[in-house]
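In the two complexes that follow, subunit A is the common piece, with subunit B as its partner first and subunit C second.
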Partner chain A sequence: MDKVWLISLVTLKEGIRNRALQGILIIALFSCIAYLTVIPMFAFDTGKVAVDLGFASMTLAGLAIVIFLGIGLLTQDIHQRSVCMILSRPVSRTQYVLGKFLGLSGIVLVGVLIIALIGVLSGWAGIKYISEITPPRNFTWHILGVGIVFNFLSLLIIMAVAFLFTVLTTNAYLSMLFTFGVYIIGQSLETIVKVVTAGDFVRVGALYAQILKALTWILPNLRAFDLKVHIAYGLPLSLSYTVWTAVYGVFYCAIVIFLTAIVFRYQEIK
Partner chain B sequence: MSGKKVIVSFVLLLFIGSGLVVSNSHVKLYRENIPAENQRAETLMVSPTLLKVISGEFKGLWADYLLLKASIFLGGYYESTPEDWDAIYLMFKQSLTLDPYFFQTCYYTQGLLSWREGMHEKAIELLKYSAKYRDWDWEPKFYVGFDYFYFLHDNTEAATWMGKAAELPNAPPIVATLGARLAQREGKTETAIAILHLMYDRAKDEKHKKLLENRINAHIGILTLERAITAYKARHGERPESLQALIDNQVISRMPENPFGDTYLYDSETGRVFFDEIR
Partner chain C sequence: MISLITLSNVEKSYKDGFRRKKIIHDLSLDVLKGEVFGFIGPNGAGKSTVINLIMGFIKPESGSVRINGSTPYDPKARQDIGYLPEDPRFYDNLSARELLLFGAHASGVDREKAKKSVEPVLTRLDLLSVVEQRVNTYSKGMKQRMGLAMAMVHDPQIYILDEPMSGLDPIGRNLLKKIILDLKDKGKTVFFSTHILNDVEVLCDRIGILNKGRLLFCGRIDEFSSNEKPFEEGFVEMIKDANEGVEEDG
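Moving on to the complex of A and B:
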């Protein structure tokens, strides 16, 4: 386990050296400006607009880290053979994958926390000094906290998928393309299945509908981690839903990383 | 850096800077003649359901953008075409499908869309959608009730929706009062004024406040004329041929001011008074 921590620490440092934090801070600064300029344009539910903007910044920063930094660092290791240097030591390929994943998770966590903190501070300043800005209805810190954790979990799922595609293709562009595709599908699949099942908007064959339903067991349901509506309108959030969704997220990450480790174990590094 | 290099850099910078200023002033000149983008309402003519599928987790942000776009057009328009209002309706529908909880969409639907001829049913459809999701809020239900009453003249549906609104906590007493008025089938213009007052109190944007104020004044003018027509009929046994007849027969001393036009419009067959061409 020490080796895994060591690799994750090195990856975290590498990410900081790659100026990931500067990028995150720029996004956070933009979101702060957006809070104080865009929100006063709305007359009602300004808290909801703040939640939309804050979480959009969080997701964009997280996706940028996962897609550009995560995939970039992994393919760089494989192509520049720096991975061979690590693997020539008593470090298994599984430990390498786990270490890299944990290190990048740390960078994503830092990014999410920085943006969340700036979002909360901007929101507080907005409520205090701009009369148009009001807190969301029935606002509670714990639902906001769960929302941030869920956003982080959904980014971890995307990162795990990115890892799998990177070791499968060993090509950064292909991996970025496939990962982004999974992100889009993960966000839309649930709605598509509901629309297809209802049959009001579009009618498809029973087989097609079954295939789509089967895909929901393979592809991640990222929509489940989206709690923006609950935070913005103070809608009730059941404990069982929260726990089961969190467990689903952790297990999905685990299985994808497990598959990544297996593929990487048999991967020939040229 | 030598002095020569500094001079060359300075000249080059001056040349590029001048080129930028000259070209930009020409671009500005050409673009001045292009109509402002807020003079016509435009939206992506795609189904709201499709928009929901492709918006992913940014559907809330997309709903905000659509509403902002609609309000920019509505805040600056002078003349509107039926196509503009079709686009506004689609924008509101898309925004509500993406975020059915967003009150601002509901508010704009009632404040602007429901008052347009041919849009009453569409506005009610959107408001019902909003009422379904905002189950804690009395306002969307109240708006549905008002629209059934005032625009569609369906008092039964109106009373039902007003009743649903009055049941919710925080519903002001006026909701129940209006519901009672509906049951009695009285005072339609007064009801409209009461509703407009309620919306005026909630409006935060100065432009919108002014628009509502004008609408309230126009309805007060209508109410004055309606009462005068009733008095004329009681005296002469028939409705007047024109609104001028009310002044000629000294029922009223002068025509009430119409914030939306020179004078009020009158249908002598039905006895109804309007403040603009849209009836």
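Moving on to the complex of A and C:
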């Protein structure tokens, strides 16, 4: 565990000092400030608009951290052989995968926390100083907190998937493409399955419906982590939904990282 | 003498389109404790592949590799190894001190000892003045010396150096030669690959000559150059003969 911790710390340091992270955070800062000027243009539901834009900034910046910085660091390690600096020492490949994932998760966490803080501060400033902006209905801090944690969890799932693809493919662009594909599918699969099984608008064959259902077991359901509607309208959030969704996220990450460790164990580093 | 690195009948091939191309042919080799072993051969001979096999980065199709009595896939076998890759790459946003501390800790050196070991190693490699500077500001030669510092920081018994002289200026090469001779005096085992023959004559107890994945010679340097021909001429002739032999066989 000591070595896992060491690798995660060195990864975190390397990532935080990376100019890509600083660039992404600066863009996120500007987008959070910019949405304060956009919200007053809406005639109603400004609270919902503020929540949507705030979370969109957080998700976009988080995705950029995962896809550009995360995959960039992993590619540098695995395909450009920086990993030899670690694996030439008494460190197992499984320890490397765990340490690297923890370190990258740390980078994502730092990014999400900074953007969340900027978002909350700019939201607070908007409500206080811009009369057109109203707070979301029945707003509660704890649901906002759960929403931010869930956003982080969904980014961790994408990070784990990106790690697996970087180990499986020989090229960073392929890994980015596949990871982004999984993100898009993960966001829309639940809705597609609901529409297909309801059969009100679309009718498909039984086999196709079964394939779609099977895909929901393989690909991540990222929609489950989206609490924007709950935050904006103050909808109640049950404890069992919160706990089970969190457990699902953690287990999904664990399974993908376990698979990554197995693949990486047998991979040749040329 | 105890053999610290042993390769027995090792074969390795890579995918070449739809076919597999054999890179290493039935290679057997022993590197003995306390010796400096030079692994020489022309470009593309397979030297780096052999080093990757020894380090456990790749696996042979057949045959076995043992290092310090264990397989290289056992992390414990790498406890006492200092490795310098051909093109050393680091986490560029970290400083030399941070990287060396990480290297020492990852090799099992305790915190206090690791802290104490950083500065002497950097002083030896003439990098102390840039100890707090990020590695991305280093020149190629400085990165090469930094790579050697990473290999030395935990004071291992076995050194595996892949083309250690590449990218170094004459002063850097001279420094590296002195370091290898120092390591030899301390009883360390050094296995290094190179195609610079002058270095081999000065530094090595024994050499192995590899060409197109086949070991052409393995033995003491005086056994190789016992005839009247200078070392370099003998080497070139051996490679030419081997290449002609391969063409005739083909």
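Throughout what follows, the second predicted complex is superposed on the first by the 267 of 270 C-alpha atoms of A that agree within 3 Å, B and C clash if a C-alpha of one lies under 4 Å from a C-alpha of the other, contacts with A are read in each partner's own complex, and residues count from 1 in each chain.
Here, a residue touches a chain if its C-beta (ideal position, glycine included) is under 8 Å from a C-beta of that chain, and two chains touch if they have at least 3 such contacts.
Everything numeric in this text was worked out from a predicted model, so none of it was measured.
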First, second, both or neither for A:59, with subunit B first and subunit C second: first
Touched partner set for A:140, first subunit B, second subunit C, both or neither: neither
Which superposed partner A:191 touches (first subunit B, second subunit C, both, neither): first
Touching partner for A:268 - first (subunit B), second (subunit C), both, neither: second
Partner chain(s) touched by A:3 [first = subunit B, second = subunit C, both, neither]: second
Those residues of subunit A which subunit B touches in one complex and subunit C touches in the other: none
Residues of subunit B defined as touching subunit A within the complex: 47, 49-50, 52-54, 56-58, 60-61, 64, 67-68, 71, 99, 101-104, 107, 203-205, 208
Interface residues, subunit A side, partner subunit B - complex: 38, 41-45, 48-49, 51-53, 55-56, 59, 132, 183-184, 187-188, 191-192, 195, 201, 222-223, 226, 228-229, 232-233, 235
Subunit C partner contacts - residues on subunit A that touch it in the complex: 3, 6-7, 10-11, 13-14, 17-18, 76, 80-82, 84-92, 95, 268-270
Of subunit C, residues touching subunit A in the complex: 14, 52, 55-59, 75-79, 81, 83, 85, 87-94, 98-99, 102-103, 105-108, 134, 150, 154
